[in-house]
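Attaching a single structure in structure tokens format; questions to follow.
As written, the chain order gives the labels A, B, C and D, with residue 1 at the start of each chain.
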Amino acid sequence: MAKIGIIYFSGYGHTKKQAEAVHEGAAGVAGADVEIFVVDQDGDLPEGAWEKLTGLDAFIYGSPTYMGGPAWQFKKFADASSKPWFEQKWKNTIAGGFTNSGTVNGDKFSTISYFITLSQQHSQIWLGTGLMPANTKANGPEDVNWTGGFSGALAISPADAGPDEAPRKGDLETAKLYGRRLAEYAVEVKG
Amino acid sequence: MAKIGIIYFSGYGHTKKQAEAVHEGAAGVAGADVEIFVVDQDGDLPEGAWEKLTGLDAFIYGSPTYMGGPAWQFKKFADASSKPWFEQKWKNTIAGGFTNSGTVNGDKFSTISYFITLSQQHSQIWLGTGLMPANTKANGPEDVNWTGGFSGALAISPADAGPDEAPRKGDLETAKLYGRRLAEYAVEVKG
Amino acid sequence: MAKIGIIYFSGYGHTKKQAEAVHEGAAGVAGADVEIFVVDQDGDLPEGAWEKLTGLDAFIYGSPTYMGGPAWQFKKFADASSKPWFEQKWKNTIAGGFTNSGTVNGDKFSTISYFITLSQQHSQIWLGTGLMPANTKANGPEDVNWTGGFSGALAISPADAGPDEAPRKGDLETAKLYGRRLAEYAVEVKG
Amino acid sequence: MAKIGIIYFSGYGHTKKQAEAVHEGAAGVAGADVEIFVVDQDGDLPEGAWEKLTGLDAFIYGSPTYMGGPAWQFKKFADASSKPWFEQKWKNTIAGGFTNSGTVNGDKFSTISYFITLSQQHSQIWLGTGLMPANTKANGPEDVNWTGGFSGALAISPADAGPDEAPRKGDLETAKLYGRRLAEYAVEVKG
């Protein structure tokens, strides 16, 4: 079995929905053992989580984009990962990431770029979405990768939409396909 | 008079439309003398352009986002600017930038980030759009800054939309307001 | 008087030294009123700090580069700034930033890029160091801008050097000159 | 055999030396078939190169950092890769990158970030150096990864050092180890 962890922080529940879609995609892959690790409002992981992380084959990072970057709670997790970093305990594992914010574009790229930088410090192997964008006039938020992420999965949750309304269908399907892609690669490499 | 230059490359005419909107906004400011410098398909500027650039008070950079960054033609201009860079001839002038691409998000941030990096090598002073995003459910491409750029002006031109159709109203108005903001600041500082 | 705030977090004292050099440079400028705001180990500012920030003419952000980005404590401050952001209370003020890390290069650019992104969300006006790099064979850590930052001030503190040893002379002088540049511009614009 | 291509542009010969070190490292791996593709001064590849690229298992991108990003000649290659991109012909191949510039830090991160963005548009799988930095007081340009790249291999060539003098020993050894790492992974995945 390839062990896959989804490590995310969610402020209001939108990123949680995105994380669950990633989970659904990954968990559907034969040979994938997927676990969710929630970074809490204080930037901490549940007891025993750090030990489990070190045994993972793939890490999927998730955070809303707040003020142009990952939420501080996620960054607190990242800073705490300097311990396994020092011994390069996550070296050669697979990594990916996803983010959500209110605005169509709105600096989401900055958050994904940070996830990549973090993964490279850990000597991880980065996979993006592997999805072409839906970018014709007829496309909209119901379509896969309309939001247009290559390096990681992006989602839009309008400022006045609750987590029951957003991210919308296309972004959730994008997250699901991305989870599947990461899990399939982890299983393939592990095999 | 504050001298303002819009230096841009356009592949198919969409970025040209965006540049013209920036021009309209800037040229409407009292005390602003605005000139357009088109980077051609070979990455060259018209004769005499480089001399004029050195006298500018503000530079507005523009390029489509191609393969995740500014078009090579724009980069050729940027590389050629190593001559004025070496003597820091553009030091303390004002800078801004805009980009257009087919996809809603699509790595436009990467192009604006490059413009900023270029400006900082030239010791220029960077101004973003100064516009809040239009990010509620009711918003769409007709609204100012729906595309959601802070660091620079962003535009979306769907893959099957000609330059007569896109960028759309909101992106063009965003470009116009950004041109005005840059010109007003240039005039204020110059005064 | 132009009011200038240096808002920084320091983990072990190296970034504090850099902040003090920035302060020395800024405070030496006639017409500049400079105050330091220390982000503490919990990511909080002293009481009354937020009210003072809103009256500033220039903001200078500082943080070590930890795991490829600003320390989470700094990011907590940045996330908390969503309140003044919402009303764009810092609009058109001046911004700059500095960072320190153990490695010569080591993703410092990522931290400065984040500071810029933050500043652009606040509609601030960004100034880099305005310093050419010292990049010949004869140059070393004693020289101004040997570390080579354009977009912001960079410093190197080797992993085994205490804050009494590092940042070294060139990086501290760079920080000082950058503080002076930011203060001079703030005074000029304010005037 | 895993087919590996090193696609690079070099302005004055320093990046060429770095490319040759990457080649040396990769070619020493059993099962690796390594070919160099030189982007010329006009931004073009030799005849027949594009066809060969489509059969590669791994792509290693290289360019000097000019004016804060990859040289325009490299970007011209990247823009021309929109053809295989459109059909996602390089999907799931491996990618890495290296850059050289005169200054110690000097925006090299920006060039590597661009390589990553390019690779993600092509749905490639990114590997960084997998090397910890040499960051104590005793370290210098003779040491592996003193320059401190995680996401890709970095090199410093002082402005007054010819390609016979720079990049220096540590940067060349870093390039070599990175070539080996990329080739080993390509062989492993291919197997």
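Everything below uses one rule, namely that a contact is a pair of C-beta atoms (placed from the backbone, for glycine too) under 8 Å apart; a residue touches a chain by one contact, two chains touch by 3 or more.
Keep in mind it's a predicted model, so treat the numbers as computed, not measured.
The pairing of chain A with chain D is characterised as same-residue: of all residue numbers used at this interface, over half are used by both copies. Taking the options A-D, B-D or B-C in turn, the interface that duplicates A-C in more than half of its contact pairs by residue number is B-D.
Work out the mean CA point of chain A and of chain D, and you get 27 Å between them. The mean-CA centres of chain A and chain B are about 32 angstrom from one another, to the nearest whole unit.
Counting partners per residue, chain D has 68, 107, 110, 113, 117, 120-121, 150-151 as the residues that reach two or more other chains. Chain-to-chain contact here is organised exhaustively, every possible pair of chains being in touch. Of all residues in chain C, only 68, 102-110, 133, 135-137, 139, 146-151, 154, 158-161, 165 touch chain D in the complex they form.
If you check the complex, the residues on chain C that touch chain B are 88, 91-92, 113, 116-117, 120-121, 123, 125-132, 150-151, 185, 189.
By the touch rule above, chain D contacts chain B in their complex via residues 43, 66-73, 75-76, 78-79, 81-82, 85, 107, 110, 113-114, 117-118, 120-121.
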